[in-house]
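Next come two complexes, and both contain chain A; in the first it sits with chain B, in the second with chain C.
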Partner chain A sequence: MSFWSITLATLAKDIRLEWRSKDALNAMLFFSLLVVVIFVFSFDPLAEESRHIVGGLVWVAFLFAAVVALNQTWARELRNQVLDGYRVSPAPATALFLAKVLGNFIFVSVLEALMAPLFVIFYNLHVLGPAWQLIPVALLGTWALVVNGTFFAAMSLRTRSRELMLPLLLFPVSIPAVLGMVAATTNILTGENSAHFYIVLLLTYDVVFTTACLGLFETVLQAE
Partner chain B sequence: MSSSAIAPAGLSAVSLSNVIKQFGRFAALRGVNADFEAGRFHVILGDNGAGKTTLLRALAGLAHPTRGTVSILGKPPHEVCHEIGYMAHPSLLYDEMSGMENLRYVARLYGISGDDRCRWVIGDVGLDPDLSRPVGQYSQGMRQRMSLARAILHDPKILLLDEPFSNVDVHSAREMVSLLKTMRDSGKTIFLVTHQAPLLDGVADEFVWMQAGQIINRTPHFDARTTPAKQP
Partner chain C sequence: MTSKLFPILAVLTAIFLAYAFYLAMFIAPTDALQGDVYRIIYYHVPSAWTAFLLFFINFVASVQFLANAKPSTKRVVNWIVIVVGIIGFIAPFFPQVKAQLPTGMYPSSVATTALIIVGLYFLVGKLFPGQKLDMLALTAAEVGVVFCTVVLVTGPIWARPVWGIWWAPGDIRLTSTLVLWLIYVSYLVLRRFSDSAQTQKLAAVLAVFGALDVPQVYFSIWFFRTQHPQPVIGGGGSIDPRMLHVLLLSWMAFLCFASLICWSRYNLERLRREVDEAEALESLNGSGLPAGSNASTRIPVSRSTK
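Moving on, here comes the complex of A and B:
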């Protein structure tokens, strides 16, 4: 029994379940669309102003939308107590965690790929800095959101008001990452400063929190 | 009757030593001491709230004792989890996937490759492995059977079954009993929680009576007159 075969089997199972129900993707998509439309009606910025604020708008929209997916991830493990089925098996807890993180990463990335063109159109964006750097920022930023989000969603699983608990736990811990994502995105869009420092910050954040979450997840999973 | 005083003399598959399980101020298990022989069929009986399900969850390693120790095949439950098959009151199955898809996933968790074993156990519990309907559309009886298939998929030595006959018709329940008897005869140790004990009279080796978090009696045959509620 290999760690990766269990991780991939769990990931494939999660993708199959999401493909059939589309619970998380639909909820995230409509939520993000709403945010974009509300922001467009609330502000009417010039192209220059857009470049300064859209980094923040994009990541706030993705952060809130991700919370919807993160809650769904574990909610389906509670139905019929299937999580207990995993707990009594010899499969490692970290394989489950990693599969969930990878699954959420895929779902949120799909959302970002669908929503990014809308932001470009609605805010009339033209990237003045090195546009390719948006890719590592998006990948590292998304990973930062989902790795902590998956962990805290599992922690809040057995609380009575888990939908409320997740943002309360997740948002404060995500502040350094969100600052990094927003600053890096703004620097790339405006071309005024280098985003290098913030990319390294996001990378460091991801390594530290991925390691911590992997190390602590067994305790979270086995908690009663 | 003290449970420690009636421990069988044979090889012990499961051993509980002064097991206390508290949920806040409520003690679901109150100092359970017992040894259970390997290769036997133990039926756990008692009223609602007697501690049967908590006992089963402690044996499965899902409920950690507040005090005392649980030993399965001489080790803590989490060290022998590949030897434990657990069927809970809920199905432990994904409603959106078919029975075969569910078992295929569980098989990977236990390191079983290929579909042969999955097909075999689904057939063994009287279901069709080619049924493509999601489990959410199964009848309650079919769901119970699939849940049993899930529990026996990895051929465990110890089977823990929590109310496998609930909402199952008598014919299907008898078929399940027959399958369990075959498994016991092949050397499995079975613990089964039920409120339908008469179904198992003549099949089970021991009836274990629980009341208020304690084992109060162990008898070789089911006799409704020995139920805790009817004791003086």
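Moving on, here comes the complex of A and C:
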């Protein structure tokens, strides 16, 4: 079997599992809904102010919600020793990793597509900059969160209290990506500055960390 | 020998630190603009340099540790380091790159730094083979976090009277130092929480991620103008030679202090692992072998080193 067919098979399996159980998606959706509602109660901004702060709020909500899904990625494979099966199989570890990242990317993107309208409603948002640029920012930002998140979730499998470990490992490394996403979103919402620099920054971050994750995943998977 | 040398070196370091303190407080001239409050740089800057050096050692040891997994990886990584070193040595002399360097930073000094980094990489691999690399990485990270904490505490103490604010959010140097500190704290947390035999490998992977992260942080706040004073050396800033003299001496004292702590922490870690190993062996022997054969094993010997 080729690299891509293994990736696609694993991805299809994950999507089928998620489609039937809807565990991760439901948990994420409700969690981020709660975060949004709490934010709405905590801050009651005018339309003008909200443009400046929503960039931060949106990404913080998505970051927290993504952690919920990421924690389940590998925990699911521990039952029935599925992960051990992967380890001894001749399939390349990177194919498995890529499939997991793509799966999480799809789940988190679906979540973002569903939650974004809520932010618009609650905060009376009206985008002043070029709104289409929000799409590349969202895609690149989500990939940045998900690629490192999947990697660190695999890493925290080996630790005690692994659900707690993931954010502790993921958040410090994600700081530049979060800075980029928030600044880009704020720039687009307010229309005051160009977001090009931050889109390029996110792209660099994605390329660097995707390469690093693919290169080092074999080590993490085989660590027992 | 270690037990005799350590107290002597400790006393010498204490004297050196006291001398540096005396120079910093009484001999160094008062700053024309800031007055006496500037004297905190004799603690702030040496701590920062020491912390960065230790983090760099941690990174080098982690890369070496990961590269040691397979002979083929080791060869590839060695070649990469050599090629990067050669590029780093030659590149600063090209006019295009030369123009990018900050004023006051000479191409030759950049080239020498590149050589020193390559040398350090191979020296660490030579002096600390196998498991010792991991012990070195752990030691450097722990002591580095302590010095980095000193930097993050002394910085705001200085900033409050001089800038009028404790912390400048978005400042390039402040933020990257803070993120570096956060990453290494998460590194130590990982080591604490992970109890499998593969902790070392996972920690090394995290160290590599941290090293990739810092330049990204640096660029992500490129747009913000820094409020932080220019670097003392190679930053184009002008400093009184007497101040520079005290600063460098202070750094030497801090380096001695840091090496002393690292040494003692390293020995502690070595003993701890020996004890663990001995206990594991003992429990193995205790279940499998008759009691009489225990005398011939080396367990009591390594226990006694404790």
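Details
Following the convention adopted for this analysis, the second predicted complex is superposed on the first by the 224 of 224 C-alpha atoms of A that agree within 3 Å, B and C clash if a C-alpha of one lies under 4 Å from a C-alpha of the other, contacts with A are read in each partner's own complex, and residues count from 1 in each chain.
Note that contacts are C-beta pairs under 8 Å (C-beta built on N, C-alpha and C of every residue); 3 or more make two chains touch, one makes a residue touch a chain.
Predicted model, so just to flag it, every value in this text is computed and none were measured.
Of the two partner chains placed around the shared chain by superposition, chain C is the only one that A:G180 touches, whereas chain B remains out of contact.
Contacts of A:I38 after superposition: neither chain B nor chain C is touched.
Look at A:L169: by the touch rule set out above, it reaches chain C but stays clear of chain B. In the superposition on chain A, A:T204 makes contact with chain C only, while chain B stays out of contact range.
Once the two complexes are overlaid on the shared chain, A:I121 sits clear of chain B and of chain C alike.
In the superposition on chain A, A:R79 makes contact with chain B only, while chain C stays out of contact range.
Taken together, the two complexes place residues 224 of chain A in contact with chain B and also with chain C.
Residue ranges of chain A in contact with chain B, taken from their complex: 1, 5-6, 9-10, 13, 16-17, 20-21, 76, 79-82, 84-91, 222, 224. Those residues of chain A whose C-beta lies close enough to touch chain C in the complex are 148, 155, 158-161, 165, 168-169, 171-173, 175-177, 179-180, 183, 197-198, 201, 204-205, 208-209, 212, 216, 219-220, 223-224. On the chain B side of its complex with chain A, the touching residues are 60-64, 81-82, 84, 86, 88, 90-97, 101, 105-106, 108-111, 150. The residues of chain C lying in touch with chain A in their complex are 66, 69, 179, 182-183, 185-186, 189-190, 193-199, 201-202, 205-206, 208-210, 212-213, 216-217, 219-223.
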